[in-house]
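Below are two complexes that have chain A in common, paired first with chain B and then with chain C.
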Partner chain A sequence: MKKLIRVLGVLVVLGIVALLAFIFVPVQRTGPVTQLAADFKPAEGQGEYVMHAGDCMACHTSEGGKPFAGGRAIESPMGTIWTTNITPDKETGIGSWSLDDFRAALYDGVTPNGTHLYPAMPYENYRKMSEEDIVALYDYFMHQVEPVSNKVEETKLAFPFNMRFGLRAWNWLAASYPAGFKPVQGEDEQFNRGKYLVEGAGHCAACHSPRNLFMAQDGIDDTSNAFLTGGEIDGYTAPDLRGPESGPQKWTTEQTAAYLATARNAHSSATGEMMLVVRDSLQYMTHEDNMAIAAYLKKIGTAPANASAAAAKPEVTETEKLLTDAKPDMPLGPRLYLDNCAACHIVNGNGAGETFPELDGNSLVTAKSPKGLISVILHGAELPSTADRPMKLRMQGYDNRLSDEEVATLATFLREGWHNKAPGVSAAEVKAVRDLAAH
Partner chain B sequence: MRDLPGLPSRRGFLKASAATAAIAGIASHAKAEQKPEPVALTEYKPDCLKPSEWAFVMAAVARLIPSDGEGPGAIETRVPVFIDKQLAGDYGKASDWYMVGPYQPAASPLRGWQTPLNPLETYQQAIPVFDEWCKQTHGKIFAELDPATQDKALTSLQKDEMKIKPELREFFSILLANTKEGYFSDPMYGGNHGMAAWKYIGFPGARGSYKEWVGKHNVKYPLGPVSISGERG
Partner chain C sequence: MARTEKKKDVVLVGFGWTGAIMGIELANEGLEVLALERGHDQDTVPNFQYPEMIDELKYGIRYGMMEKPANTTVTIRRSLDEEALPYRSLGTFLLGTGVGGAGTHWNGLNWRPMQSEYKLKSYITEKFGAGVMTEDMTIQDYPMTYEELEPHFDRFEKVAGISGTAGNVNGKIIEGGNPFEAPRSDEYPMPAMPSTWDGVKFRDAAKAAGYHPFPSPGGIASKDYKNEYNMQMGPCNHCGFCERYGCYNYSKSSPQTAIIDALKRKKNFEYRVNSEVLRVEKSTDGKTVTGVTYFDHKTGEEVFQPADLVILTAFALNNVHLMLVSGIGQPYDPNTNEGVVGRNYAYQITGGYTLFFKDENFNPFIGTGANGFCIDDFGIDNIDFAKEGFIGGAYWRAGQTNGQPGHTMPLPAGTPSWGAGWKKGIGEWYGHAMSIGAHGSVMSYRGHYLDLDPTYKDRHDRPMLRMTYNWHPNEIRQTQFMKQKMEPVAKSMNPTTMQEGFKKEGAMFDVRPYQTTHNTGGTVTGDDPKTSVLNRYLQSWDCHNLFVMGANTFPQNTQYNPTGMVGGLAYWAAEHIRKDYLPNPRPLV
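Up next is the complex of A and B:
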C-alpha cells in the first residue's frame, strides 16, 4: 500500500514535470531545408511573387487598412482571431525578426518568443515552401513593405483555446512532417510546380480539404485520399477539387487556369472567398503557374466517366422543358427562376461563357451547405477586375425582391433542377443568412 | 376586369375606393403574390399636391383613361399616386433639367421646355386657372362637372381655347403624358397598380428574356407579368 502511494507520487511528479516541460521548454525550430550559397539573392520580384502565391495580403490587411498591417478578424469556431501586423515595423510588426524567426513562423507556427500561432495561419502548408522562397519572402517584407505602426487587437479565445501551449500537441498531429518540398520522381516539371504551389504557398488545402477530428487539415498532400475533396469555411462549402463532378476534373486545363487567373471561364465564376483569392493572389500568377496548378489538379483527380458523351449530345432536360413551356400553373420555384434568373442563366441553366455561370452542375448550387447559394441570391456577387478580364461583372442581389420562403423555394428548385441533385433549402436557412448580413 | 361591379357612381372619390377593392379581388389568384393593399385613394395623403390639386388630378385622369369601356382605368391603376410622387420628386422639381434662362415661354413649341416653371409649379399654377375657366364656362370647377362636360373642358384645354399664358402651355401635354406613364410604368412608382395595365395589353413586364420563344410563331405567351420589385401577376 505504502509502495503504491509512493509510485503514484512519483508518477504525479513526473506528470507535473512533463507538463511544465511541455509548457516551458522552447519548441525546436526547423532550420533551412536547403543551405543556400552565402551570396544568394532572390531574383527581382520573386519575393512579391511568393507573397501573392501565399496570399499574405488577404488575411494580414484589414478592410481599408494599410497593406500587411494586420487587424483583420478571422472568425473561427473557437472565437475571433485577429491577424498580426507583418510590416517591418520594429515595435508592432516583424521588423526585429531574423530570417530564422521568420522561417519558424512559416514552418513551425511559433513567434520569436516561443508563442504558438493559431493555425488560422496555414503553417501546415507553408511548411512545404522552399528555402529560396522563404528567403525571397523575408527579403520582400523587410525591404519592400512600408513599415506601419499598428498595434492590433490581441486574440483572446475562450478557455481552453487561450492556452496557446496546447497547440504544441496539436502541431505534433498536424505539422510534424519534414519541412520542405520533395518533387515526385517520374512526374514532369509542370506537375511538380503545380503540386508545390497547391500544397505549399497556395495553401489550397486550408479550405478545400476536410478537417479531421482535431480540426487539422485532413490531408496536406495528394498521398491522402481526402486531400482537396472539399471542406467548410465559416459555414460555406469549399468545393471538392478531385471528384469526377468537380470543376478541375470536368473542365479542360486551360479552362481551370482561366478560372484561376480571371475568376471566370466558359462554365463558372468564382464567388465569396474564392473570388478574393483570385483578386488578391491567383491573378498575379504567371500563365504557366496557373496552368501547372490546373494540370496538377487534373492529374490527382478522377476524370468524369462520360465526359465526351455528355459534351457531344446536348439533351433537353425536364427542367428546361418546364421553363420553356412557361405554363402559368407551374410551381413557384420555376416561376421565380423565369421571373428573376432566366434572362442571364437561360432556361437550360447553361448561362453564357465567361459572363453568366452555369447553374446546371455548378458546385456552388449543389454544395453541401446551401449558405453560399443563398448568399449569392440575396446579396449578388461581383467578379474581380483582373489584368486579363478587367470587367467587374456584377449580379445584383434579390434580398429586397424575394422573401425567405421565395429564396428557399428558388434555391430548392436550382438544387434539384437540370442534372442537379442536392437536398432542398428551408426558409429558416435563408433567414439565417439574411440575418448575418444585417449585423 | 373591364366591368367594375357595384359602382354606385362614376364620380371620383367613390369610384376610387370601390375600384381599388375590385382590383384587389381580381389579383388574388393562385400564383399571384399576396401584397397588402395600399391605402385607398380617398385616404391617400399626397406628398405634394394640395387637396384642390389632388381632386383635379383624380378627376382629370379618370377622363383621360376612363374606367368604363375596355381595360382598367387610371383610377384603379392608381395613376394619381404616380403623378403625386413624380411631382414631389426629381421630375416635379426638374432637378436634372437645364432650368437656367434665358426663358422664351412664347417660343415655338418645337423649342421644347421654355417656361421657367418646373412641372410641379406648372400643375400648381395651371389647375386654378383651368378650374376658374371651367367655372366661368361650365358653371363648376372641373372635378364637379359631369363626365361629358369634363371631356369637353379637357378638349378645350388641349386646344388651348382659353388662351392659357405661354408659361403654362405645356400643362395639358404633361398631364396626358404623366397619366400614360403612371398607367404603364412599373408599379414601384405608385401607378399601374397590380400591373393591371400590363395584364390588359399582355406586356410581361420585367422578365426580360424570351429567347426560347423567338421561334414560336402565333403562340400566345402564357405567363402574366412580373414587376421590378418581384410582384407576380
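Up next is the complex of A and C:
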C-alpha cells in the first residue's frame, strides 16, 4: 500500500513537472528549411507579392485603419480574437523581431516571448512556405511597411481558451508536420506551383477544408480526402472545391483563374469572404499563378466531372417553364423571382456571361448553410474593382422590400429550382441574418 | 476668392460622356486630370437601383434626374423682337445633371451622321447649286471628313456598347442593315436587339412599300458585353424605363457602364461633385486660359482651379454659356452676322403618325429606348433638295419605348382628356396604339442663336443663356414632306384610325411639350475663325489650351440623335490632344 502511494506520489510529481514543463519550457522553434546563400536578396516586389498571396492585409488591417496595424476583430466560436499590429513599429508592432522570430510565428505559431498564437493565424498552412518567401515577406514588413504605433486590444477568450499553453498540445495535432514544401515528383511545375500556393501562403484550407473534432483543419494537403471539400466559417459555407459539382471542377481552368483574378467568370461571382479574398489577395497574383491554382484544383478533383450528365440535362427545365408561363396563380416563390430576380438572372437561371451570375448550380445558392444566399438577397453584393475587370458590379439588396417570409420563400425556390436540390429556408433563418446586420 | 486648389494638368468641366472619355484618354497619358461635376455623384446601385428607379411619377413626370430650372436654366424667345423668358418648367428639352450627365437618362439611340452631312454646304453647292439654300441659312462644312472620323465612331460604338445590324461594312452592303449608312470599318459590337410587334409591323409595311428597314442601332445591350476598358454590360430585359431614367440593369450604355469604374482606378484622376464651374479664367494676354473658377456647393465658396489644359465637357448649352460668360471668342451678333460664340444654334424637328388598331395588342410595357425598326430612305443623302424645295432629311422609326401611363398613353383625337370619357378611351385604346416617327435635321440660320440674356441672371449672378429659336419654313417643308411620304405607309398597315402630328406652316416653337433634348451649335467647329469658335481639333481659336466637346460643336444639326457624333468627335479630339498637342502645346491649326 505504501509502495503504491509512493508510486502515485512520484507520478503526481512527474505529472506536475511535466505540466510545468508543458507550460514553461520554451517551444522548439523551427529553423529555416533551406539554407539560403548569405547574400540572398529577395527580388524586388517579391515580399509584397507573398504578402498578397498570404492575404496578410485582410486580417491585420482594421476597417478604415492603417495597413497592417492590426485591431480587426475575428469572430471565432471561442470568442473575439483581435488581430495584431504587424507593422515594423518597435513598441506595438513587430519591429524588434528577428527573422527567426518572424519565421517561428509563421511556422510554429509562437511569438518571440513564447506566447502561442491562436490558430486564426493560419500557421498550419504558412508552415508550408519556402524560406525564400519567408525572407522576402520579412524584408517587406521590415523595410517597406510604414511603422504604425497602434496598441491593439488584447484578445481575451473565456476559460479554458485563455490558457494559451493548451495550444501546444493542439499544435502537436495540427502543425507538427515537417515545415516547408515538397513538390510532388512526377507532377509538372504548374501543378506544384498551384499546390504550393493553395496549401501554403494561400491558406485555402483554412476555410475550404472541414474542421475535425479538435477544430484543426481536416486536411492541410491533398493527401487527405477531406482537404478542400468544404468548410464553414462563421455560419457561412465555404464551398467544396473538389467534388464534380464544384466550381473548379465544372469550370475550365481559364474560368477558375478568371474567378480568382476578377471575382467573376462566365458562370458565377464571388460574394462574402471570397469576394474579400479576391479584392485583397488573388487579384494581385499573376495570371500564371492563378492558372496554376486553377490547374492544381482541377487535378485534385475527387471525381471526374460528368460531362455526359450535364449534356443529358433537359433543355428547358420545369422551373423555366413555370416562370415563362407566368400564370397568375403561380406560387409565391416563382412570382417573387419574376418580380425581383428574372431581369438579370433570366428565367432559365443562367444569368448572362460575366455580368449576371448563374443561379442554377451556383454553390452559394445550394450551400449547406443558406446564410450566404440569404445575406445576398437581403443586402446585395458588390464585386471588387480589379485590373482585369474594373467594374464594381453591384446587386442591390431587398431587405427593405421583402419580408422574412418572402425571402425564405424565394430562397427556397432558388434552392429547389432548375437543377438545384438543396433544403428549404425558414423565415427564422432569414430573421437571424437580418438581425445580424441590425447590430 | 476663398480658395485656390493645387494645379492640375487637365481640368474637365462636366463628368458625362465626353468628360469620361477625355478623363480616361488623358489619364492614360499619365496626366493629372480633374473632372468637376456640377451635380451629385451617382452609380447604378444605389442611385438607379430596382425598383426605386422605375417610379414614373418621380422620374418620368417630375424629372427626378434632371437639373432643377431653379438652379440652372435658359431664357427662350422665338425671334429677335420678342422678350425672352426663363424656361422655368421643363418641357421641350430635359437637362440632366450629376455624374454621367445626359448619358444616364438618354434613350440610347446611337448614330453616325450620313455621308453628306459632314460637308453639307459643299455637297449642296456642288450637287444642287448654292441657290437652293435660303438666304439666311448659315450652314457650313465640318472641317474634318467622315473618313477621318470613322475610326473614332467605331471606337465610341465599341466603348459605349451599341447593338445594331451593320448595313455597309467597307462598302459592302449587308442585307438587313441600313444600306444608306456611310461605310463603316466594322460591325456593331453587339447584334441588334429584338423588336416589339409594332416595329415588326412597320418593318413589313416599309418593305412592302419598297423601302429598306433595319433594326434601330442603340446603346442597349442585346447580350452580355465587355468593352476595351473591360467594363461590362448585361442584356436588357426590355422594361421600358430608358429615357428619363437611369438603367438599373447595367443594360443601357452610359459613362457608368462604359468608363467610370475603370477611370476611378487611376491614381492620377480625380473628380469632384457639387462643383459648378462659373467661368474659365484667361491669362492676361488672353491667348491661353489659366484654369477655371467653380462654386463648391459643399463649402459654399468660390474656388480657383488652375490647370494647363481646360476642356469643356458639359452639356451643349452649358458649354456655350461658359464661353460667353468667360468672354472667350466674339459673341455672335445676328444683326451684323459677325461674331461666332452662340452662332448656328439648331434644334431637331420631329413628327409622326399614331396608329390605333382595335384588334392588335402591342403590350406597351415591353420596350427600350432604341427599340424597333428604322428606314433611311428619306435620309438627307436621298433627298433631291432642288426638286423637293427644302434642305434636310429624316430617319423614321417605329418601336415603342415604354407604356408608362403618366406620359405615354396615346388616345385618338377627340377623346376627352379627363373624366368618364377619358377613362373609356383608355380602356378602349391603351395597348392598341403604335407610332411611326420622323426625326429630322435642322439647318442653322442667321436668326437662330445663343447669347447672354440682358435681363435675367442665374443664382451665381451670371446672365442666363438666351436662346432665340423658331421653326424655319425650310424645316416645315421638310417635315411636311415626311408626312406626305409616311401617310401611305401608315395607311397600308390598315389601322382602325390614325392621326398625324407634323408641324404645319406657321408653327411656332412651343417649349411646353417634350420634343427632344438635341440642342446643337453655339461653339461650332470649322476651318475659318470668322465662322467658327473651334478648329478641326475642337480647339479654341482664341486660347489654344482650351478645347470644347459636345453637340455645341455641330455647324448645323444632323438628322440623327447626336450622341454617336459627340462620342466620335471626343475620341477624335482626344487622339489629337494626346499625339499632337501634348508634346508641343500650341494652336494646332
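Criterion: the second predicted complex is superposed on the first by the 428 of 439 C-alpha atoms of A that agree within 3 Å, B and C clash if a C-alpha of one lies under 4 Å from a C-alpha of the other, contacts with A are read in each partner's own complex, and residues count from 1 in each chain.
As a convention for this text, a residue touches a chain if its C-beta (ideal position, glycine included) is under 8 Å from a C-beta of that chain, and two chains touch if they have at least 3 such contacts.
Please read these numbers as outputs of a predicted model, since none were measured by experiment.
> Chain B versus chain C on the shared chain A, clash or fit?
clash
> Does chain B (first) or chain C (second) touch A:His143, or do both, or does neither?
neither
> Would you sort A:Ala343 into first (chain B), second (chain C), both or neither based on which partner it touches?
Once the two structures are laid over each other on A, A:Ala343 reaches both partners.
> Look at A:Gln396 in the shared chain and tell me whether it touches chain B only, chain C only, both, or neither; answer first, second, both or neither.
second
> A:Gly353 contacts which: chain B (first), chain C (second), both, neither?
It touches chain C, and chain B stays clear.
> With both complexes overlaid on chain A, does A:Asp329 touch chain B (first), chain C (second), both or neither?
Once the two structures are laid over each other on A, A:Asp329 reaches chain B alone.
> Does the superposition put A:Lys2 against chain B (first), chain C (second), both, or neither?
Neither: A:Lys2 stays clear of chain B and chain C.
> Looking only at the overlay on chain A, choose which of 44-52, 98-106, 116-124 or 170-178 in chain B hits chain C.
Of the stretches 44-52, 98-106, 116-124 or 170-178 of chain B, only 98-106 runs into chain C after superposition.
> Hey, what residues of chain A end up touching chain B and chain C alike?
In the superposed arrangement, which is not itself an observed complex, chain A uses residues 340, 342-344, 401 for both chain B and chain C.
> In the complex of these two chains, what residues of chain C are touching chain A?
It is residues 43-46, 49-51, 223-226, 229-235, 237, 239, 248-250, 257, 261-262, 264-265 of chain C that touch chain A.
> In the complex formed with chain C, which residues of chain A make contact?
Residue list for chain A touching chain C: 340, 342-344, 352-356, 380, 382, 385, 387-396, 401.
> Under the stated contact criterion, what part of chain A meets chain B in this complex?
It comes out as residues 323-329, 332, 335, 338-340, 342-344, 346-347, 398, 400-402, 406.
> For a test of understanding, state which residues of chain B touch chain A in their complex under the given definition.
These residues of chain B touch chain A: 30-31, 207-209, 211-213, 221-224, 226, 229-230, 232.
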